[in-house]
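These notes open a run of structures that come right after.
Across the two complexes that follow, chain A remains constant while its partner is chain B and subsequently chain C.
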Partner chain A sequence: MIFDLSSTLTGHKDRVWAVKWRHCGKILASCSSDKDIRLWKQSQNDDNWSCDYVLSEGHQRTIRNIDWSDDGNYLAACSFDATTSIWENKSGKWDCSLNLEGHENEIKCVSWSPSGKLLATCGRDKTVWIWERIEENEFECASVITAHSQDVKRIKWHPKEPFIASCSYDNTIRFSKEINDDWSCYQTLDLHESTVWAIDFNATGDRLVSCSDDKTVRIWKAAEDKWTCIATLSGYHNRPIYDVSWSPTSNLIASAAGDNSIVIYKETQPDFFEVLIRKEKTHTCDVNSISWNPVKSNLLASCGDDGLAKIWDIK
Partner chain B sequence: MADGPGFSSVLQLTDLNDFIAPSQACVKPIKQDDQVGIHEKKKVEITLGDCLACSGCITSAETVLISKQSYIDLYETLDKKKSGQNITVIVSLSHQAIASIGARYGQGFQDSARLLSSFFHSIGVDYVYDLTFARHISLIESQKEFIERKKSGTATLTSICPGFVCYVEKTHGDLLIPYLSTVKSPQQIMGSLVKSLWPFGTQNKSDNYIYHCTVMPCFDKKLEASRTEFTQEDGTADVDCVLTPIELEALFDKEEINFTDLPHRPLDVLHPSLKISDSDSVATHPGNGSGGWSENIIRYGISYFNQSPLNPRIPLKIESKRNKDFLEVTLSPSLENDFTPESKKLTFAIVNGFRNIQTLIQRIKRKTFKYDFVEVMACPSGCLNGGGMIRGDSVDNKLFEKVSELYSSLETYHLSLDDNHDTIKDLYNEWFSDEVLREKLFLTTFKTIPKTDNLLNVKW
Partner chain C sequence: MNSTLENANPLIYERIDRRQFTGTELDDEIDDDFDPREVYDHIRNIKDPEHPLTLEELNVVSESNVHVDEENNLIEVHFTPTIDRCSMATLIGLSIKVKLMRCLPPRFKIDVKISKGSHSTEDAINKQLNDKERVAAALENPSLLQVINMCLKDSI
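Entry: the complex of A and B
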């Protein structure tokens, strides 16, 4: 198996916090403590990736995370300035069309529902907010879920059903859905022994992967609304694991950690996962985020505290 | 009675997130450590006053709901009284709390009130009242304020809910304080009346220290009672202690009190002229279980701008917008022909729960806000679902339905909400004719609490 560096994307002036592929697989977005979002594209002449667009002046502090809407026309970004910005693509130009206010302080993650009608945000104020699109450019708060007892690090919509998973500094993963006119938590997974930094669903939505400060990756399986842990992958990272990504095309799982390495896992037999490769020194500092390309299954993007984003060729 | 942390164990049972949970890290200890050089570290104590004066968190941590605000404080006061100190102890019961206790112990509303009266008298309390009259004053004052504001083109947001007030002051003070009603809540009007005018109808103010305890549907009322705005000249609070039904239930369990076996005893009467009728029943105001602020005040507004007599039963259209906790209140369309344009255009709202408060705030910010008056409560479903109300065992909370049923079973208070009504006029002339006194008793103020930028606490 090869794990080669395909491109190094330079331009951000501070730590890069997140990378996300647009659903077409042709644009990569990254966000940074430098308060910019950069869009990266492959040039037509050569295969090199370069910065195609800088979305700036949307936030006053670190942009912690970003998410593309399924149709690719909107990019949501959340920031430590307690706001979420919605960027809209208007004939090739990106404009900040909206700013959502409400969180008490730092927002850690933002996620579009598959339909694009709902948006979820979460953050240090321990809450998860569900925003509902009322009109083209108007969102209103549909719910504030106060299930977590600490900082909420990530949220992710299920790819098919109308519910969300969230994970937190309180060591839990929680599932929330709309019950009787309001949203509330209906299931909690508490097997991780420290902060759960990230979660991701597989393409069909019957599996969830989580990673933690406890240096483990866990795989969870759904059976009739109930999630159980089917695998604990430990011993592959020796520092906190900050991100996991489940490839929608190859079904491979990638994890990235504070030990500067990226590990790739595969389900070799039903419910049995093995490490395919462990790549060290992918970045010179913490690897903060990774994202599988949704079209070209061999491409994995990563970013880190070294201010760089990278694209890897894995096959 | 044994002292100890009984209060906090009660608090652990309940969900204090009436509103929004406290911030992860209180900033106060950090501020204490900013001196340079070697110094002995002192234990940092955080009082409720500190929390109210700081924007670090939205509401205070449960541990900060100091022992002052627990039944232990009431019992200690009763002990002092028994040992000969000159103290008069008064307990005021909110409608919601009486309903909660009734629902929990399978009692009707009036029986619940009589049992509570009996219980408090049995432990040495001198007088047990309900809050109907205080709410009546609060509604009348709110009506007057509404008319003034409407004429000057300013919308009104109620300030009855201390969770909402706390949130406004700490996060959106400059934007929202101009909209807040300056009329005190029923709890605080009762506090003023009890501390300034009791015993009612006599010229002689009591020499005793009056200790005033209220029983309220939410923990946030403890915060309200602790505000510096609600103190007497000598620094003592208008409401010394706030208890909730959850704490009373724990107290009955702890002291092994067979609540339902107590003899019935009617509530005490504030003043003969304020009674509903010859019966000793508790009455309520028309409208929802939070107190019917929007419903009563819009009816007053309609009558005022239509120049017709106040009809406390005039049909309203109450329509759900977005969800069941965002309601719009207008005059019933069937009546529109008989009313002036100004009166039928009045649009009020009832906004419950944090999510809808957010929508409200964003609309005010974006200037898409169109209401004349909004009743705002931090708890979903309003005060009948307050954080201090006893919960049912199951998720569907059958007790809430029972509480609503008990509340709706009440007769309506016969005293008119019309300030042109003779009784009301006489009342104001006799007791509250002095404008300075009226303001002191019934109105309050708010202040923006500056944001503390606390970058030291950043967690990635």
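Entry: the complex of A and C
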């Protein structure tokens, strides 16, 4: 298997917390403690990835995470400053069209529902907020879910069904949906032994991958609305695992960790996962986030505390 | 803070002698590895948040509780709060972590933990100190950063 560095993206002035591909696969967004979001594009003449746009002055503190709407016209960003910003693409220019306030303190993650009608945010105040788009540029808080007992690290909408998964410093993963006009938690997965940093669904949405401070990656399978753990992948990282990404095109899973390495797993037989490759020293510091390109299945983006984002060619 | 000191009469320990530099350490042309003593020198003069004493004088840190794994870029520091219910334990741990983050090359992973059995809520405090996201958020809080900088003042 080839695991080659395709591009190193320099420009951020502090640690880079997250990278996320737009659904077209042609733009990569990154966000950082330097309070900027950068958009990276491949230039037409030389194929090199370079910074195409800087979205700045939207936040007072670290931008922790970002998420693209499915149509690619909006980018949501959340910050330690307790606000979420919505950026809109208006004929090639990106403007901050909205600022959502409500959380008590640091927001850790933001996620668009596949329809683009709902937005979820979560944070250190232990809550998950569901925002409903009333009009083009108007959101209203539809619900505040208070199921977690600690800092909520990550949220992710199911790719097809109207429910949401969240994971937390309280070591659990929880599923919430709208029941009798209000959103609440209806299932909890509590096998991880420490903070669950990230979760991701596969393309069809019948599997979920999670990663944790307990240095394991777990795969969960849904059967009639009930999720059970079908695999625990341990021994491949020796520091906290900060992110996982399940490729919608190749079905490969990638994990990134505080040991500066990236590991790629494959389902070799039904419900049986094996490590394909473990790449060490991908960054000189912790790797904070990874994202599979949704169109070009060989491209994987990563970013780290070294202030860099990188694009890898994996075949 | 003065009227209700948690530990009004702490035991005071002796400070160790100044480090004697060897010839090769003073030679900028030679790359020498980090050793526990060098790391310890960065943290031993950090001030206790409550007393006008250093962490060394209160025996909160000691050279034997500093571990350096140069090959894997790992540094682990264990500290011992003066009393097992010390509410300042997180702040002390954070001060140690910040000092080392500022002084050592960024390639190092710095783990700061409470010495086993020395605090009633050590697991909770260790988890908090080990959560880089929460540490990063805490350090963006101006009032907390000011308190930490007070502890770190004159620590060199």
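We adopt the following convention: the second predicted complex is superposed on the first by the 315 of 315 C-alpha atoms of A that agree within 3 Å, B and C clash if a C-alpha of one lies under 4 Å from a C-alpha of the other, contacts with A are read in each partner's own complex, and residues count from 1 in each chain.
In this section, contacts are C-beta pairs under 8 Å (C-beta built on N, C-alpha and C of every residue); 3 or more make two chains touch, one makes a residue touch a chain.
Here the structure is a predicted model, which is why all the values come from computation and not from measurement.
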item	value
Which of chain B and chain C A:Ser69 touches, first, second, both or neither	neither
Partner chain in contact with A:Thr284 - chain B first, chain C second, else both or neither	second
Chain B versus chain C as contact partner of A:Phe80, first or second or both or neither	both
First (chain B), second (chain C), both or neither touched by A:Glu104	first
Which superposed partner A:Tyr169 touches (first chain B, second chain C, both, neither)	both
Touched partner set for A:Asp151, first chain B, second chain C, both or neither	both
Touched partner set for A:Asp213, first chain B, second chain C, both or neither	second
Contacts of A:Cys141 with chain B and chain C, given as first, second, both or neither	first
First, second, both or neither for A:Thr127, with chain B first and chain C second	first
Residues of chain A at both interfaces, chain B in one complex, chain C in the other	64, 80, 105-106, 124, 151, 169
Complex contact set, residues of chain C against chain A	106-107, 109, 127, 130-134, 136-137, 140
Complex contacts: residues of chain B adjacent to chain A	17, 20-21, 23-24, 58, 171, 322-324, 353-356, 358-359, 361-362, 365, 380, 458-460
Touching residues (chain side chain A, partner chain C) in the complex	15, 33, 61-62, 64, 80, 105-106, 108, 124, 151, 153, 169, 194-195, 213, 239-240, 258, 284-286, 305-306
Partner chain B, residues of chain A touching it in the complex	64, 80, 101-102, 104-106, 124-127, 140-144, 146, 149-151, 169, 181-182
